[in-house]
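Before we start, here is the structure in question, set down as structure tokens.
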Amino acid sequence: MTVPLLNASGCLDALTAPDVARSLDAFVTKTITPLPRDGNPPVRIAETRAGMLNAIGLQGPGVDALVSDVLPRLAALGLHVWVSVGGFSARDFAGICERLDGRDDVEVLELNLSCPNVEEAPESSAEIVAACREATRKPLYAKLSPATWDIAESARAVVAAGADGLSLVNTIRGLALDPATLRPRLARALGGYSGPALKPIALACVWACAAAVEVPIVGMGGVVTGIDALELVAAGASVVSLGTVLFSDPGAPGRIRGELAAEAAARGFRDPADARAVARSNREKAL
Amino acid sequence: MTVPLLNASGCLDALTAPDVARSLDAFVTKTITPLPRDGNPPVRIAETRAGMLNAIGLQGPGVDALVSDVLPRLAALGLHVWVSVGGFSARDFAGICERLDGRDDVEVLELNLSCPNVEEAPESSAEIVAACREATRKPLYAKLSPATWDIAESARAVVAAGADGLSLVNTIRGLALDPATLRPRLARALGGYSGPALKPIALACVWACAAAVEVPIVGMGGVVTGIDALELVAAGASVVSLGTVLFSDPGAPGRIRGELAAEAAARGFRDPADARAVARSNREKAL
Amino acid sequence: MRRALVEVVGTEPVGPYTLLRVGRGSLSPGMPGQFFMLEAPGRVLPRPMSLCLAPAGELAFLIDPVGPGTRALCALAAGERLHVLGPLGNGFDLAVRRPLLVGGGIGVAPLPYLSRALGRPRALLGFRSAHHAEAAALVPGAEVVLEPTYVTALLPDDPGDVLACGPEPMLAALRQRVPGAQLAWEAPMACGYGACYGCVVEVDGRLQRLCVSGPVLRAA
Amino acid sequence: MRRALVEVVGTEPVGPYTLLRVGRGSLSPGMPGQFFMLEAPGRVLPRPMSLCLAPAGELAFLIDPVGPGTRALCALAAGERLHVLGPLGNGFDLAVRRPLLVGGGIGVAPLPYLSRALGRPRALLGFRSAHHAEAAALVPGAEVVLEPTYVTALLPDDPGDVLACGPEPMLAALRQRVPGAQLAWEAPMACGYGACYGCVVEVDGRLQRLCVSGPVLRAA
């Protein structure tokens, strides 16, 4: 038992960077939609003082090509595969889950209930999870947005609807203007804010959800070092995902795994995962 | 017509720093509650990489002492006064508004609908605004949280309920752990996240609300320089508030006013407020 | 309260601590026990530091590098510039008849300036190690104890007017033993001038801002 | 694709640009037109830079200080270290018979290395001012025009195999005039290796990642 490291969905393409994917404990696909999507027009990314914005808009080949083309190639790389599932209605989500239900080359389905860059499904997150629960017996992880007043409430609702785990957090909407022209730097103006600036928000969400539900939590948001990862574990995560950091350092999985082990040992843990016990005792003290 | 600068509620005490208060166009009180409050136990503040967390918990003298003691002293300083109103039910809010309705020494009531550090009122923001609207004819500004999936919807609701303006944004919940002990740095664990890291989130909220409603917006979140202030105006704000920056630089109002004028002029605006026109034309282009 | 952009004159190691000397600019050194907010390069918030010494035209701070802000301050080099705000808070009341200075660890920081203001009275200082105790050289005639002995062990039965700064357990012990002692406390501070309500401590059963009511408080 | 922590050998001003020379470490210089992601001190994301020159044991980049990342890179001093990832993307196809290099502004950056690889072919460079044109000295035998004249004005009727890098309007004009030209494009990039889908450009009517499909693309 230790802390598995994944990539955050949309932050790695195993087909262009197989070695990076293989350095992770499992590979999470970019969110897949029923049909192919071109995504948003460029400019799609902008850096901010302690983070970045993206408005990719779920560019991808659609589920047919995922199944016929991408999954076999991922399997050939020997990867454990999580598929991130997206859509614009509960039916969209459930359809993809059903499609992937029987496949041995997919281990977990992560439901992206929180992409800030596309229109929202009309159904609630819990309704989408319930529809997917009907469609598949695979483990379902609900990926939630930090843009909510009470994330513990959302967590309880999706777990009650059948989610086996939570992925916390997706990006939060942000805007950056070009200081010279005062025009938005992204073509679509608003984008999702990720990176170090998100870390305190992500920690708070993990902390609040770990107190509310018993399911495993994949923590992510601004991890750059092993200490960041250890803090997510101490807040309640069982698994840690790397997003923005992969852009500046494709060697991050190996580096962070080493740092995580060393930092955990320096604090007297036999295993980094043992830091989760700190989470529980801290919560009791703080509440 | 230019861009007035205020302090963000809770980020300045005019009685301990009268010169700083006088360097602003109006002074906003710390959120006042019906009864005196001690607030949360210390430790209440912690710095993060690009921001800070606070869990003050609305420490204050209560509305009676505000009326009998604080307001006369603020008036004696010659300040234009906005009172930030808080509470734990619509009745709390409306009671304070009614109490202050007749007073000449209060210009605007800002309704703090979004403090992340205290329990929430059971009513919706719109219900609280509606109750306050009944209680006073003074201008009502609704202060909203960025922790919501669709802030434009909240903006429409509070404006429909009678808000004359919006204050955007309050802090968003965050957590910081001590890297050595992995224990929360704040006694209450979670706190409100403010400072430069909040700026892209604040800009996005101002942008989205300016497109949704016609009322004036007080923009705040991570302003450190005149360019930050100009960006908020270009996103749709008419007034800019200074929060965290006042802690490191009590001279910020004068400095930022000068920088704002210079940066606006460098971009060909006669007046910084003219940058609001950019907001409108940008939105049309991006939508 | 004034804020000025001042230049680093130099830094000197003092045991594990660093003495940071900056040009005084338009700032007044204030009273012993008052403090300044020092801009910490690369950090969002400034850091509170007691004035340690006031050489002609300078302000000097003794800094313990315990975290990112203090480490950034200790790493400053001569010629670099930083914003300094102060003097802030309430210092020691110097109208005392039989002053006895007591300090522990980095709590020695305000004592060199205080000692000079009071005519070099007796001073008892406790440190964790001989290396830390090098800071005692800044306080004229100081008597030093090292852990595991605590400075309170040296305290005479009739200690006179105690003026102290040090870690919380030391101040708590002094508060018990010496009613009327003037104790300089610490708390995390964001602003240092009453704006943030971050620095509250319990005084007379109520949470009060240490930067406004203190940092020097009377033991009741 | 490799990532290494390399040391700055030195920086040299070249007109308004800076030539940043770093130790090569374990990195291969790759093909002309390929690029590297350079860690920009204090920034969250690295910055894409074409290889400009490959002196023995070194990599050299010509950098235009247009924003915070490039300014931080230009401010590096000898002895400082930074992470460099690369070589990345698809460079120029060197199997050309009658090469003609065309560059505009900072688009000159990949041409010095390309010129050497192709045996110093004819090169046409356009710049905004004589100061900017100092960068032409890096390309052997380059012919230079200054604005308001555009470099496309010098283009012979039968230009041969054009290999070009420069501002978008220049590349767009070349794409029209010279089918088959090899054009090195730019786009904001977060990762440089296909991970973020940030750098898409329209190629053959579809949005493709420039860092994977380019940066050198054939004019259709």
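Going in written order, the chains are labelled A, B, C and D, and every chain counts its residues from 1.
We take it that contacts are C-beta pairs under 8 Å (C-beta built on N, C-alpha and C of every residue); 3 or more make two chains touch, one makes a residue touch a chain.
Which protein is which chain? UniProt says A, B = Dihydroorotate dehydrogenase family protein; C, D = 2-polyprenylphenol hydroxylase and related flavodoxin oxidoreductase.
On a predicted model such as this, the values are computed, not experimentally measured, just so you know.
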Under the touch definition above, the chains in contact with both subunit C and subunit D are none
Centroid distance [mean C-alpha coordinates] between subunit D and subunit A, Å:
34
Whole-Å gap separating subunit B and subunit D, where each centre is the average of the chain's CA atoms:
46
Distance-wise, how many Å sit between the C-alpha centres of subunit A and subunit B, to the nearest whole number?
32
Where in subunit D do residues touch at least two different other chains?
none
Scan subunit B for residues touching two or more other chains and write them down.
48, 50-51, 196
Should the pattern of chain-chain touching be classed as line, ring, star, complete or other?
line
Using the touch rule from the top of the page, what pairs of chains touch, sorted by label?
A-B, A-D, B-C
With touch defined as at the start, can you tell me which subunit B residues reach subunit A in the complex?
48-51, 53, 120, 145-149, 172-177, 179-180, 182-184, 187-190, 193, 196-197, 199-201, 203-205, 207-208, 227, 230-231, 234-235, 267, 275, 278, 282-283, 285-287
So in the complex, which bits of subunit C are touching subunit B?
1, 3, 37, 39, 43-46, 69, 83, 85, 187-191, 193-201, 206-207, 212
In the complex of these two chains, what residues of subunit B are touching subunit C?
10-13, 15-17, 20, 30, 38-39, 41-48, 50-52, 54, 56, 59, 195-196, 244, 246-251
